[in-house]
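There are structures below to look over.
Here chain A shows up in two complexes: once beside chain B, once beside chain C.
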Partner chain A sequence: MAELRAETPCAGLVPVRVAGLSLSEVAPGRMTSVAPYRGQERALSAALKSAHGMAWPAPGRMTGREGARAIWFGQRMALLVGPDPDPALAAHAALTDQSDGWAVLRLEGAGAREVLARLTPLDLRERVFEQGHTARSELAHMAASVTRMGGDAWQVMVFRSMTATLVHEVETAMRRVAARGIFP
Partner chain B sequence: MRLSCPICGERDRREFYYQGAALARPEGEAWDAAWDDYLHNRENPAGVTRDLWQHEQGCGAWLVVTRNTITHEVLGVALAAEAGA
Partner chain C sequence: MRIEGRGLIDRDRAVNFYFDGHRYQGFEGDTLASALMANGVRMVARSFKYHRPRGVMTAGSEEPNALVTVGLGPAQEPNLRATVVEVSEGLWARSQNRWPTLGLDLLAVNDLFAPFLGAGFYYKTFMWPRAFWERVYEPLIRRAAGLGALSGEPAEDRHERAFAHCDLLVIGGGPAGLMAARAAAEAGADVILAEEDTRLGGRLLAETDEVDGLPGAEWAAEVAAELAAMPNVRVMTRCAVTGVYDQGTYGAFERMAPGVADRPGAPGGCFWRIVARCAVLAAGALERPVTFADNDRPGVMMAGAVRAYVNRWGVAPGRSIVVFGNNDSAHRTVADLQEAGVHVAALVDARSYARSDLDVPFYPGAQVCGTSGRRGLEAVTIATAKGEERIAADCLAVSGGWNPSVHLVCHMGARPVWDAERQAFLPPDGAVPGLRVAGAAAGVFSTRGCLESGLAEGLRALRDLGLEAPDIAAPMAGDQPYDIFPLWQVPGRGRAWLDFQNDVTVKDVELAAAENFRSVEHMKRYTTQGMAPDQGKNSNVSALAVLAEATGQGIAETGTTTFRPPYVSVPIAALGAGGRGKGFAPERLTTSHAETLRRGAPTIEAGLWHRPGYFPRKGEDHWRQSCDREVAMVREAAGICDVSTLGKIDIQGPDAARFLDFVYTNTFSTLKPGRVRYGLMLREDGHVMDDGTCARLGEQHYLMTTTTAAAGQVMRHLEFVHQCLRPDWDLRMVSVTEQWAQFAVAGPKSRDLLNGVLDAPVGDEAFPYMSCGAVSIGGVAGRLFRISFSGEHAYEIAVPARYGAALFAELVEEAEAVGGGAYGMEALNVLRIEKGFITHAEIHGRVTAFDIGMARMVSAGKDCIGKAAAARSGLVDDAREQLVGLRPVGAVRELLAGAHLFDEAAEAVSDNDQGYVTSACYSPTLGHVIGMGFLKHGRARIGERVRAVDHLRGSETICEVQDIVQFDPEGGRLRG
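Moving on to the complex of A and B:
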């Protein structure tokens, strides 16, 4: 009988390091999309708070902390990243496991913003896209989720099947930004 | 061209998908001229028009966009769920 071996979405593709920039894989743990039933938003936020310690994220925002986060993921939807979802949430929202469906990457280093700016039409300027902000947008023509985790640290997610394309596109952009020699 | 999504804020046109004219669905199921217009007949205005767009690469919401085809001004964007089509 065949022995199946689990592989992460980015196995063999990362890490990529170019000058001061690095692209690496994040092991997010369990990921669950949470979509509140009509009229249940408030009850869901309360349940989320008591079960996982974070409030329901407003559009374009991330709540929680390292290891247990809620990332806004679209209209009336958030992605719970880290913990297994508390069964109590199921009374207020549709929960769907997404753990193996998305590649999660972290791009960091001086110039990371300029790398992403080559790939997405989002306004990534410091005062517009602050730490803890998130957006659904296109990244190199792929449907992506982009979140600013820190000053020069960004989290990028695409569907797992598009991982190799994403890594290729981001690596190309990293090389081009580095070639300009304006970031130490 | 940029559209201000009521949920996401101002975004590039590349994130949006164009559907067509935003029309109110006729009442009832009996076939009449109103259904004929709804299904087949379209204005092609030089001026203000109301279209349905979807924020496909963003939040996914359907939007009613009011814009001017002569000046290319975007006069308003509302959630289709709230504006009525």
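Moving on to the complex of A and C:
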């Protein structure tokens, strides 16, 4: 009989700290992709609300709060992060476990936006990309999910297999930004 | 020759720098050009073709002469303009295109042959013998004529790329740009102000104009400070906007300040992509020379540059200066020089009606027609109504008028418009959506005019942005009219240079016209005028004016050549920043990667994934030894292979089954839950796209697998089919490739091995070939599939990726205990070739189901993507190349993938081509080499002999055509 030890995607790769910037791993808990079936968006949103306390997120938005969030994750899809999905949701949406498929990292500190500006074409300006906004986009040639968690705090997700590349790219950008001394 | 008390340099901060090995001193704020000038260095370069001595001519990025190489070793940067290189402590700069030294350049002998080296010389002379061009002539010419060079050593990847977004991008920080930025900033717009120079101010830094009662440079510094303090403004100095692209995207290259670039981790430069809703181009104008005989001697400079050196850098470009022009710029220059205490020997104004109150020998209606001096200017010859006159001078300041910098406006295909009154090409209206032009770039040449124009365009941009205009007015400043008399060239003996960077003379352009290269684009290519780093910034308009005269057309009809990005040269290292080596593409690593490396396995790339090639053991020093052993392990005991890289797509919904029937050639709606089926997928054009297994996990729940390399393509295809072709069907799909770590457990001992790992054992009856189901491993919920890519009794076991590393180590340990172990891609490949299983070596995009012998898998009872197209007569012709097995039977036992197949007796030429080898390997199981390939009429030719010829590697092998399945054709091992 085997005993399997679990390993997180970022094991041994983070934290990375450069000047006032830090890159660390987030333990997201359970992550489930939620994809509503035809015409089920409204019913799903209601079910989400009663089961997990958040509405279905509009494109580019995150709903919920710390510990139970729904992050828009692409065309008619959201990622439920935190709780085990309520079985009632399955009546309205395809639920797929994604807890192990993605590395979830947090980039934080003054200049974090400048770090991301070296990696992704997203418009992350204060007034454009507000707290709770999210996007699926390219980040250093990787398909990523970028979410603004707070003033200078960003969540970045990439496929688990690309974690080492992501950490390398972000760290390089952190060093560039720190060396320039860009702290708006 | 410094002028005391003038300039924006910091005289308390001296810096030492080197030019051609000599040490000099400059000040902070100096450019290499101003510092060399202050040290009395006049000759700074040799010209491109004739190796003529050349000096600094301008004070900006348009400089054609003073190109230098900065730095040493791998980091050396060639072709930098001394006029924009900032001096800093220890700066190491060298002149270019000279041998052995700048002073004694033996290639200056080219200058003596100048009569033979005119435009088109190479094309006419080096035509014969033809083969000599590439090997003899071109290298020779390139050595003699040229620019600086890279070191040839690999340099550190120090550049970076970045994105920026704004409401308004202001290009240029002169009076117009400052006003536009200020207006937009006060209205609350997000503003980026990009300025090529090290500080804001533009021409205000070089002139003595006052703005709002303050010296221009001081006013600019005040506005700069104001803007820098605003949170919605980003001032980017040392940042040249280089190109205009679709949808408000602008490219820009930012140089680092010397102090920043030296910090550890700092970038060497940054290539920006700026996306702006609106833009104001306030790029100013460039002064153009007048062409006359021997106008290229060191000491001949642009009048505006002379003022810049005097006023901004406090340095006199000469001891005795002649000023020549066809507009008031010449008069200003004399006034500034005299105020600075520099002797002016003459003011030569081509306008006969001109007046001057200045205390200077004044020659209205006269022209400079020649110069003399050995390594620099010593005297100027002028032509007046009374005849020629020689005036001693070591500097000649020339102004032929101003060319608005319309380059960026024309990057999307528009042509500038000729304005006869200003003798200038002006920007066309509406050439770039959202881009407005202000100030000198729009042909407004007075300071007051620029301030007003900048403000007006800034306010117009605000209207487009829907923002309220702030209440600001343009400050007071001088409003001199621009009076210009057309003068392009002065007739005279000797060569008159148009393009200093490429050594193109008036005669070259006239020759081009005479030889019927009359279009300006043809003339450019025939003479090389306007090419190379400066792209003809100060020569284009003059050259086309000369062409216009030579062809008898007007300037407007002649037109300009096409303006293309980049406006200033951008290092390729900046465009490709971060892309070297591993930066080229992300690496995808499996959960077993660390263990794979620990076991010494070399990895190979499959798509972006890094997979083990083989796992070497003690005593094995050739990959074949490891591979043969691993194959035998799988055939005789049990092997473990990480197959997580295969694409996995979770498909759910009421219409999932019919959707799969539609995308696969075969039927999946009839598959029972708990069972797996092999599927083939076609593109819409009827060719095979991908293959793989698909498991039915529940009534409305499937798990599709794809090949590693085509996972993304298949996902995209499925999304297309669902979103565009069958949006009415209710199903959802999502990739779960990364969620599951999956391992093949293959070999006769695989079941027993697994049962040692699983919480509850599986038996053959409950788990027959092509079944799947949930399992538990140490309490972890996993999935088990009884599928085989090796032809052995085999499974694939999947667990959530967090447990992948642990499960792989566990499985390999168990396998080793029964005489097996881990196997890599090499063994995997051999195992599948023995069984005739295909990969993308076979389904490479040009083959049909018919070709690979799977025509019967295209279900007759239903439609599917690609079915109709695959039925086209040409795609089901027996004469097509069909997949067969191959086996060497002659003396040569080597078979190479890529070899082409020929009839045994036919000559191995392309006319006789019968097909090609797609895969080949040594089969340790069969004891000989085997292969697969496509052969015309292949299936009907089993038992025949063909010849496999690899022309590239010089290999030739006689093969017997075989069935594609060369091992265990009945499949007993698989099912047993």
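Please note the rule applied: the second predicted complex is superposed on the first by the 178 of 184 C-alpha atoms of A that agree within 3 Å, B and C clash if a C-alpha of one lies under 4 Å from a C-alpha of the other, contacts with A are read in each partner's own complex, and residues count from 1 in each chain.
We adopt the following convention: a residue touches a chain if its C-beta (ideal position, glycine included) is under 8 Å from a C-beta of that chain, and two chains touch if they have at least 3 such contacts.
None of the values given here were measured: they were computed from a predicted structure.
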| item | value |
| --- | --- |
| Contacts of A:Ser99 with chain B and chain C, given as first, second, both or neither | second |
| Which superposed partner A:Ala178 touches (first chain B, second chain C, both, neither) | second |
| Touching partner for A:Arg118 - first (chain B), second (chain C), both, neither | second |
| Which superposed partner A:Ser22 touches (first chain B, second chain C, both, neither) | neither |
| Which of chain B and chain C A:Met162 touches, first, second, both or neither | second |
| Chain A residues contacted in one complex by chain B, in the other by chain C | 75, 121-123 |
| Chain C residues touching chain A - in the complex, by the definition given at the top | 160-165, 190, 231, 256, 260, 263-267, 273, 275, 578, 582, 585-591, 608-609, 650, 652-654, 723, 730-740, 757, 759, 777-778, 780, 799-807, 810 |
| Interface residues, chain A side, partner chain C - complex | 1-9, 33, 35-38, 75-77, 93-94, 96-102, 114, 117-118, 120-125, 127-128, 140-142, 159-166, 169, 172-173, 175-176, 178-181, 184 |
| Of all residues in chain A, those that touch chain B in their complex | 59-60, 74-75, 121-123, 135-138, 143 |
| Complex contacts: residues of chain B adjacent to chain A | 7-12, 14-15, 57-61 |
